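Structures incoming, each one as structure tokens.
Two complexes come next, and they have one chain in common, subunit A, joined by subunit B in the first and subunit C in the second.
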Partner chain A sequence: MSNRTVLDPRKALGAVALLAFALLLPLGITDPARLNFFILILMGAQLGVAWNIVGGYAGQVSLGHAVFYGIGAYCSTMLALSLGLSPWIGMLAGGLLAVVFALVMGWPCFRLKGHYFAMATIAVAEIVQILVTNSEFLEGAVGLSLPLDRSGLAAMVFLSKLPYYYIILGLLVVTVLVAWAIERSHIGYYFRAIKDEPEAARALGVSLTRYKLIALSVSAFLTAVGGSFYAQKEMFIDPGSVFVGAISIKIALVAILGGVGTLMGPVLGAVILITIEEYSRTLFGSTGSGTDMIIYAMMIILVAVFSPAGVMGLLQDLRRHLPGAGKTSETR
Partner chain B sequence: MTADILLQVLVSGLLIGLIYALVAVGLTLIYGVMDIVNFAHGEFLMLGMYASFWAFTLFHVDPVIALPITAVLLFGVGIVVYQTVIRRVLKAPMLSQIFATFGLMILLRGLAQFFWKPDHRLIPDSLVSGNIALGPVQFGLPQVIAALGAVGVTGALWFFLHRTRLGTALEATAIDREAATLMGIDGQKMFALAWGIGAACAGLAGGLIATFFPIFPEVGSNFILIAFVVVVLGGFGSVTGAFLAGIIVGLIEVLGGFLIGPEYKTAIVLSLLLIVLLVRPKGLMGKA
Partner chain C sequence: MRFMVGKAKGQRSATRRQVITRFVATAALMATTALTGVMFGSSGARAEDEIRIGVIYPLTGAAASTGVELKAAAELAAAMVNKEIAAPDGLTVAAGLPGLKGAKIKLIFGDHQGNPQVGATEAERLITSEKVVALTGAYFSNVTATASQVAERYGVPFLNAESSSASLTQRNFKWFFRTTPHDDLFVTNFFTFLEDMEKKTGKELRTLGLFNENTLWGNETTKLQVRLSDERKFKIAEKIIYPAKTTQMTSEVQRLKAANPAVIMQSSYLGDAILSMKTYKELGFSPSMLLANDAGFNDSEFLKTLGKDGEYIISREVWALDQAERNPLIKKVNDLMRERSGVNFNGNSARSFTGIAVLADALNRAGSTKPEDIRKALQETNIPGSGLIMPWKGIKFDASGQNELGQGIIVQVQGGQYVTVWPTEVATKPIVFPMPAWDKR
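Right after this comes the complex of A and B.
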């Protein structure tokens, strides 16, 4: 599949239709809890697409993305609390801080291959969680609350859920566009080369570490932006809500379920994951019962064993098997 | 006075370090034989702890007596995991392998939470309890027994790998899979065996610490990270390296917690990982 060519008109049309649907969706919703459900889907999708840049395209699985999410959340909140800066600026600052952190952690961690890189990312996230939990400057385990007195666009604080919906939709669109641009550019080719043929890529003079660092940095920036958004939406953050392993797992899950290395896979993954989460909660009571974990886990294992390309891959396989399509079904 | 405290700290570091070594040995064995990192390794330990807990609660079997049963049970779990999941991703892309054991990790945690509740549980009393005094230094007897047990199991594993036919075949597979296959060693059987032994080691570690450590579904998450540091420090795939590194990590954890503050001890151990990666990526006894 060559992506460098002109836009596929069918895909462009699909994207426009999907965006129009997302823009009009809130018009039919009056229940704030229902709207919140869709906000959660968009948040999950944004994080999943961001993760996919390093985990999917470059094939460097991070299971510690909560560290970037937390940096974003804490950076914008601290800047708002101490300097009164608008979270829009705080969001960018958080993204940049996450990039710096990604470069610092990537330097040693990218010496590890595959499985062990993934494990190292968990370790780094764990270290940061411990440091933040014990930091007096960041109010430790108590967490930070944003004041309710300022509201409006500049403060990114709203009484209704609707503005949050459109902001996260906008962030998702930007994130998807970044991923799409990478997919089409020469960087995207390098990423895939690193993932599929690292030795060949090295032999051709591609600096593996450099491109891995680029992938991690872009992904970190976008993940931190998602963290800042979360802080603004909840108005309260603590290490247990933004820095924990459960967040890292969820971010990776969204992309894995939907389909790693595909543009819209993580969006599909978020729809699936958040829906399961919501219904398992109403069906089986609290989240403490573990049912949602069991369902995700079964899905990941099934994906790993039968369809490494996730649900998106399954759909593509299905389309190939339909009459009128090509005969290239044996691509795996 | 301070020398006594230091001695006390060092000995408790050694005791817990031997447990870390036992957990890490299983992890490094599986990695050495088939280049797969088992993210669910901490969950094998968790299952070992629950095995002790239920043996005690339901059948009044002392955790020490239950150990052989735990080992057999977890050996079985390891084989089942290999046959149902791992075998199917052997030739799959690396991403699938990571997702498979990562999924297993979440599955086992979820199942434990579903069936046994997220509560922290304790085994109220055991055959071994109380303290022993060695001069001015005092140790909990359960900790000492656990450490001795860990040494025994690790030693037995070393003996098995180096002095028995089956163990040598396993080692041979770890060193060169293709050459081992040419010598008539059944690779599939060796892989299954590695999973069985690895799971049994982690389960035994869980059974050994069950008398003095709270038991809960996510208890494995901390141990897998520490075991991972041990494996990196010891050198990938090296059982002897893991044993030495386990002791070092235990000492650093307890000493660091003592000097800097107990809330930072895990962070200190995990930082050690980054230092090893920067200074000596192949670890103590690593091959490459």
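Right after this comes the complex of A and C.
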């Protein structure tokens, strides 16, 4: 791995171009359903990048991220409903609550390794879902509805889709920047050391639990923020929509499909996964024959079979083997 | 989890052959992604005189089989409105759309997969891309919640025909209408039914044993039952909330048996319902009445598995096939349904059919496809029970959009059939009471 203290100008240019494209994209879209599709991609990408911090860089596969997502959604919504607090503050509060939860949950769970850690995260998420379902304070299974009449920037409720697009784009940029900063800092190296050779890392004086907890906390915070955004967008949450295992799987899937441990892998994964999901449903969903799910599943199987390192891994392999591309082959 | 997390060790230096395979795989993936994207843009041409109605159901996923039935029922109703199939005279749908010069309605289906976010996405797509004038669906209460939120924002009427969560009509929505009775009403019906039974039989039915499962539904039901028994002076002898999908119920049933209530009120899904019946028989426990809250007790598998042991249980329903015997109109519609899709109506599909009928009736009276006109017409809906295939008094919406004239029915298993025993005006058979003991059957 080369020492990357200097920014690669080509990469920086690429990032700026990508951001400019994302910023200008909605200008060409008049159809709210189409814009909503791009919002879904950004939502998936944001969660995937957040998951990647703990699941990718630090190699601690969590299959219970819905718990942080749900905490974020419930925290901002409860604060808005009971105290009339702006979801912007509620979002941060949800993030902090998720961090606290991550620390409490991580302490015992990080004693487990590999598959066992993944199983523990599933169990924790299930427990929380059951608790929330039975909590009278949180309205249990009935769920929480945000009132439609309070709209505007402070209430983060809009009739148009455009503000949602820019908010989630902003959240994604922040999330990517956090991941990027971690990737480049010593913490990022610690994470990768913990993932590849935990024993060696420990021998060199890296506190495994401490850095795993840092990874999980950062990831939890960002995932919770994504959950708050979901609540603001759909304006109705119940345990069945924000705490379910399907959310955990989807978050992990976006990152794994795109390429774990790579900065933009989850973004690419979200583009592919959400596109296939949405369009196959639009095209075949109304037939009731399940064609959309078959196509969706086949894509995932294809990637899993041909490239366990995700689509990003495929692209890098190709680049390495294309003539004259030797110089960039070091990038990860 | 290593294999998912990072590159496998030997993978860094792929052979040429592997690279080619992977290249093909990537290309295929990218092509599919691009292709699905392109195809989306080209929605089919639409005729000018067709009125498009968006219908959102779970067409894939765990509830797909229900969704497909709902779809068939909605399509049958649309075919009747469009006069492609002759509807029996007297039925609301038979009127067609003379108010719109005989225009045709076209149902555009969306699949929500049981996911609230997908439901909202589909609602938005149907409104903005497919230009539907009204929406209906979505069976799942939480999906109805998000999808109707979208309709409310866009100012498009949303007619819900089959979601029973009471909170849906407590949101003060302007564009939301619900034809089916909600859960509170169903549970209230139980108590009214018990009071009726007391009057009729002269027996005390005041001690209750609540036996409900522990997910959302069971918990909500328990809360409501406790409140209502307080209000109506019933006594709860035992209250058990058991873990759903449990593998044994012996201790729970022993507790019930010890408390010896006159009536067991039970909410269980299929597996638990069957297990509880087997345990009741094993332990020889037979209360005067077993009053079940639909779900597992009304599943077609329930009687298939239990056979004779499933006899005499009493359950709530929204619809029962024996209604067809009572009312020749219902029989004719059910025959048409069976001809077209090979299945009889059930509580869900009958309500979907009714939903489309109500929308068509409103469209016809509105004489326009403007959302505001349709909303006004829906508010003025007044369909008598005789024009419906439901055992209701009719359809008339209150200020919150809830149909005031809907009611649940109570059925009993008699001779391997669910027969309607209450309310008296729609009953087809007298009730068997008390439930015969296990050794006297």
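To be clear about the criterion, the second predicted complex is superposed on the first by the 302 of 332 C-alpha atoms of A that agree within 3 Å, B and C clash if a C-alpha of one lies under 4 Å from a C-alpha of the other, contacts with A are read in each partner's own complex, and residues count from 1 in each chain.
Rule of thumb we're sticking to: a contact is a pair of C-beta atoms (placed from the backbone, for glycine too) under 8 Å apart; a residue touches a chain by one contact, two chains touch by 3 or more.
This structure is a prediction, so every number in the text was calculated from the model and none was measured.
Peer 1: Does subunit B (first) or subunit C (second) touch A:275, or do both, or does neither?
Peer 2: Touch status of A:275: second partner only.
Peer 1: Check the residue A:164 against both partner chains and state whether it touches subunit B (first), subunit C (second), both, or neither.
Peer 2: So A:164 meets neither subunit B nor subunit C here.
Peer 1: Of subunit B and subunit C, which one contacts the greater number of residues in subunit A?
Peer 2: C
Peer 1: Regarding the shared-chain residue A:308, is it in contact with subunit B (first), subunit C (second), both, or neither?
Peer 2: both
Peer 1: Applying the touch criterion given at the start, work out whether A:191 contacts subunit B, subunit C, both or neither, answering first, second, both or neither.
Peer 2: The answer is neither, since A:191 touches no partner chain.
Peer 1: Which partner does A:145 contact after superposing on A: first (subunit B), second (subunit C), both, neither?
Peer 2: Touch partner of A:145: subunit C, not subunit B.
Peer 1: Touch test for A:249: subunit B only (first), subunit C only (second), both, or neither?
Peer 2: A:249: touches subunit B, not subunit C.
Peer 1: Which partner chains sit in contact with A:123 here, subunit B, subunit C, both or neither? Use first/second/both/neither.
Peer 2: In the superposition, A:123 contacts subunit B only.
Peer 1: With both complexes superposed on chain A, which partner does A:40 reach: first (subunit B), second (subunit C), both or neither?
Peer 2: It touches subunit C, and subunit B stays clear.
Peer 1: Applying the document's definition of touch, where does A:31 land relative to subunit B and subunit C: first, second, both, or neither?
Peer 2: second
Peer 1: State which residues of subunit A lie in both footprints, the one left by subunit B and the one left by subunit C.
Peer 2: 59, 61, 114-115, 118, 133-134, 256, 260, 288, 290, 292-293, 299, 303, 308
Peer 1: If we count contacts the way the header does, which residues on subunit A are in touch with subunit C in the complex?
Peer 2: 31-34, 36-37, 40, 55-56, 59, 61, 114-115, 117-118, 133-134, 140-143, 145, 148, 159, 195-196, 230, 234-236, 238-241, 246, 256, 260-261, 271-272, 275-276, 278-283, 285-288, 290, 292-293, 295, 299, 302-303, 306-309, 311, 313-315, 317-318, 321
Peer 1: Sort out for me which residues of subunit B touch subunit A in the complex.
Peer 2: Counting only subunit B, the residues touching subunit A are 31, 35-37, 39, 85, 88-89, 92-100, 102-107, 109-114, 117-118, 217, 221, 224-225, 228-229, 232, 236, 261, 263-264, 266-267, 270-271, 273-274, 277-278, 281.
Peer 1: Looking at the complex, which residues from subunit C come into contact with subunit A?
Peer 2: 1-8, 11, 14, 16, 19, 21-23, 25-26, 28-29, 32-33, 36-37, 39-40, 59-61, 64, 67-68, 71, 108-111, 113, 115-118, 120-122, 124-125, 127-129, 142, 145-146, 149, 152-153, 165, 167, 171, 214-217, 219-220
Peer 1: For a test of understanding, state which residues of subunit A touch subunit B in their complex under the given definition.
Peer 2: Of all residues in subunit A, those touching subunit B are 59, 61, 63, 107-109, 111-112, 114-116, 118-120, 122-124, 126-127, 130-131, 133-134, 245, 249, 252, 256, 260, 288-294, 296-301, 303-305, 308.
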